[in-house]
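The letters A, B, C, D, E and F name the chains in turn, as written, and every chain counts its residues from 1.
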């Protein structure tokens, strides 16, 4: 049975001190499996799509830990196992203002970053309804820039719809390098998701979100453009029609992964036939719910998201 | 020495993932002993009453865990021990908006739900100043509906004052069943506590709280009616006099049990001679304090509540 | 693609205090997903078989927790999801002598125990090379006794090899009831695994293990009989040939699930073509490794077991 | 209702790093309530006696923590609450050989150590069947030496049987001081419990245990003398008859409190009518069980001890 | 190499239940090393000063735990080790309104409180640029009042600049005693830091902060006076010039130690040549950052504080 | 003031699941700072030497965590801080037989492995009495092979005594590469420590330990050779005199770092003037004590080691 959505990207060990503790002094680290594309696949599966994740990992206990953490969420994991090497990792400290959430990457020279497109199960890409990766993937290495181009070609040539989130990470590359690489990928993309702040940082475009969406849609001929604005909601343009959605109120426990939850839910609802406006509402609700959950992953059920969309939430449900 | 307040009801293992963690992915559960009536007895004891709790539990390690957890708080526990069977349990997930706090009950066929009135130490009920149970008790089983009626009769016939909190739980029964059962208990009740939202759900009464209190007092001839409204404070009517109390500001850590803390404090202060207005203020202050405390139980001291009532709290006390 | 091994049985929440802590006083419980048949499927998958697990669970957060815990281990989970109900659970205390490891079951009236054979994906059973369940399954309810008979018939009629571990649990049923039920299942079974102590308790047979194996093989016409003896190793008889295997030295951290690890490894190695003697050695080595691992599940790799079988283990590997 | 056994002594906060961790580097401490006499009362209650504990604590949160920890075990706590002051505390590190278990006391100037006999509920002592304290009590302060003499007088004069464990602590006082003080208490004592190594350290008597018991019984006219020898079992002499008991095999997790478990069980069984030999067997079995349990307290059930006494224990009970 | 800043004071074990847990019911305590003067030294070091801490501790494992906790932060610890005795300790409960953060001291008769000035390495004081202690030090004992006077004399006579934070603790002494003692120290002080609420409690001065600063500067001839007002920022007067600084927005996780972070940063920036206004801004930013960090200590880097001062913080940095 | 012992080598984050947990399934990792040479420096300091550690780390929060963890133990840390890069890390799983303790290194391309000798504070090497590194250092990179040669030259030329532990790690390099590199370092070494099993693996010498020591001493003209044999004790030859020492009985909790504890203690006692036999006894006792302690570091006091050497240990010390 083919997938509704195939995602492709690196997942890592996420290592974070408990609570507000600092890395400098912590005696323990919480372990999560985390990566933008597997996060998105999981959110999509939970919102109703049949989703899978393609990746490469070393067949070591840290590498297997990552796959196990993702697999429990009932998506299909299609992993190329290397005999040795290291998985990516990142350290995370959480805090409120003025400290904020801080990421220290340790993903250089990861096994994933060395992989060529032909190592992966490309038939899965060809047979799926949609393919998804993010701007993090080509940021990882020269090899990955080439691999990303190739994966997108495979999808494009097979008629698989391509969705892409810009996901700019300034700790991985400079804005100019990102712009050069990512805009070259744009012609292969059908659905673009971009945070307003990434549009400013990478594309140097700081206009109003609806204008930005129009601009991108017309300039690069995307069928769908979604501009996300965190607490200010999101805007989508699809076939020249604009859809706006306010954010739902949320008590943020862990903001990491809320963008991926958004995109996974958006794609799942679109793939199951919802119109863009309704998909945007589910996406926004799923992102709000994600922010209450520790870890990168949106461990939600569709019925929980339904309740938010229908404004049926309670302070205490018993 | 007889009790000021005897409470009767089921207490359970409360199993909750740490922090905002989800049950689906948690590797550990915090264990608390919890039940509306034991919560109330503990709050009452801490606010100055001599309180006890009647219940039934299986004499297994999970059953004993429940009694141990309650006993540490210095109330009298008068437990019927069954040789086998299961105790009730409930799973709890905490989060802020839009997720809220979610309860999954696992209390069907618990040992308590099978008990008849004559199994319990009824002399304790007869000798006490006041008897207390909640609308949860008759919701548990057909047997418990009968047992509740019988316990209230015992109290009534002995001249023990009867206090009752409606405590509607939609995950245990339907509104109509609750209404039919609970209103039949009303004639035996002297002091009724009811959340405004329960009045709406069960009694289909959504008027203004003071009117609700008047309506209930006159319709069912309660000596005292207390209507609670969470963050909006509480209203009491006693001997036709209305008392209003605003809620105290509180940073909620765990909202579960704040209603029981309220009622326990109210009854304790009434039983020690405070007037209704002052008892209402202590009740509201105790509820506010409870919301800062993990677990169902109001682990407070009277002097802490005194400080809130007297507006003598500090951000840091050292 | 069809399975090498399909297993069928109930899995539960396993709730255990940390370390040697007692349930009566514990403030937290470690959570594992556990069940004899899913344990066996996981061990089989890790030792080289393509394994799956059929079961039924309520679609609640505790129910989903169980499936998630099993799914991370890369077996196929084929679960019938009920809209409500309760999953089974068990409490576990660990200690050395003279306390030992103690189990308190809370699995009465679980959703699984109500399921009929036709609720499950029987084609999976028909298409598999082997089918496996244990004596725990028919111990759960009258319904499950019928369901077990029916599942074995399905397998038998489809030519699927049937393996069965007697797995007697005295806290679930009396020896006589177990004997009556289990011996009626024997004609449908090809491979019988039985602990020597269970043979004594259930079959009232306390002879020497090799004699026991012979007796069972001839009396009930099993193709293969494996008698396990904990620290004293195991004996198998297959096509009238006896194979003996001593236990490997092990520092036991958690003995629960070592029998399932044994059987999973035995079946996996048999299904991949190893002879009975070699399969028995892998089974014994996997069981020894399991005893060092917390939880019911043998989180092992085949290369780790290879190292034990080849006597290549080290105190410190670096 | 009067008590079978009243105990008198200080209980403390016991603060221990998790596992084998060192105090120098630990980031957390496990908290237990601990004290020889409350430990003994709890063991006695669990083995069938009605037991209580007299003590004094400051009414602060650390002080209340101690009482709560003891109260959960269902003994009667009769505590004199001081308005301020400090409770005793001790730090504990656990390890195997060659490090061993190490205690650092922080109990100087505790509130308990300042208390006079007349502060306590002496009628409880007068009405009980037996009174118990240990050699730790007079070691705490000059005041406590006087208070201990006075408490023993109260018991003696009321005809309450007096039991006493020498419990020598070299980190609290010198052997000579202990000898002088404790031997002056001997005339008031009916049942003496003494560890063989304490007899050597304090009384300078290093003979064979049976001789020691005879010597003490005749020299000081005790009705019963029990000499404990850890892994070597125990010997009792009562009315000139010698009873010997070997130790039960035990995997020690926490040795602290096993002596108190021994004495509590011995006294409980004696008070319920068992003869000295049988009481000694229960005492030894309870001590063995205690060693498997974290904390000072023997959280055991009588049926567990029955199983050891009857040699009915299992490695896994399920 | 001599120090920029020498601090002198007691540091303690800080023992706090996890999260919002209450001491009465907690099963564990987080351990931190804490003390106003070592906190200040660490903040100063991290903001660019070469800082040291003079103190006295018992050479026991709890005593060494304190020194280890401080030493990891890279300041120089110059500790007088006593052969026995007890270190100070304090218990801490955290909560939001209306409970607040509550401290229970257990520092009476600590080893530090018995020390005379000549026990310490006075050359370190003489050779440093600045010396610092707080009003907590003379509050500890009669001896410490004398020692504090002597330490200040040593500094004064050597031409070492003296900085002092009033740090009034009502649980250690009465306002009048504090006033008498502290005002007698004023003539030796160059830089006074005082919380507005301490000015009110101890000096009975409840005017507007700038007036207070002027009043103190003129009355006692301080070169610099800093008045802190928590969420309302701080005011400094130096050479008759007033500097005001608003507080930075902060999500408080642990407020304890934010005053020490403030003062450490202020002194470090002053000692490295910043003017009072800029030092005040760094002090306020460091205090805001501290409030996000568990424990007493400001585990910050100067670059983090730079980012706040320059208004360059992000919600998520990746 | 110059050091008695300067050590040089990489220290890492050590990340280990709690208890016997597997990396594949763990939700948390304990964090320690660990490295052979810093371990050795700490053991030396605690046994009486003035010790320091030279290294290089990135100035990131994971990098600083390593330095903080080492610094708390009161040795001097002299670290070159790189602006970016990664620190080394290793994952560790603990278990008894047959699993053993397993290390997965993640230290390739660490910042340390890129450092040249001239980056370090070479005067510290020149001024010290002794210099120490291990065979791990040249195993890390081509650069480190050169750096190690250069560091040894600096020491040699300055007349600083050179001590070296072969410390073969097969997961870092092949035996042949190790032999070639390490034997080329031998001429610069005064004191060689080698595990008997490393002699076999690297030098292909599997004779009896005393012969091995003689062979090495004569072949390479070491002044001192120490051959360690784990549970079988150690042998030293010094100036042609043989010293043998049996191992002390130990209940192993964490074997990692016991070799470093051995060498640190040996060097410290030698540097303080003990003869080789006595130093060997202290080394063996320190190693035994280390095995009871979690983490790589020997958090011991000299008085604890004195007690083992003098055979004065107790099961419980109170």
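The definition used in the following text is that a contact is a pair of C-beta atoms (placed from the backbone, for glycine too) under 8 Å apart; a residue touches a chain by one contact, two chains touch by 3 or more.
Keep in mind the model is a prediction, meaning the values are calculated, not measured.
Interface comparison, A-E versus B-D: the higher count of C-beta contacts falls to A-E. Shared residue numbers account for over half of those found at the interface formed by subunit A and subunit F, and the copies are therefore classed as meeting with the same residues.
Distance between subunit B and subunit F, defined via averaged C-alpha coordinates, is recorded as 61 Å. With centres taken as mean Cα positions, subunit C sits 39 Å from subunit A.
Subunit A has residues 19, 22, 24-25, 27, 68, 72, 102 in contact with two or more other chains. Within the complex formed with subunit E, the residues of subunit A that make contact are 19-22, 24-25, 95-103, 105, 169-171, 230, 255-256. Contacts from subunit F toward subunit A in the complex involve residues 15, 22-31, 60-62, 64-65, 68, 86, 89, 91, 93, 102, 104, 106, 108-109. Those residues of subunit D lying in contact with subunit C across their complex are 19, 72, 248-251, 253-254, 285, 288-289, 292-295, 297, 299, 304, 308, 313-318.
Across the complex, subunit C is touched by residues 67-69, 71-74 of subunit A.
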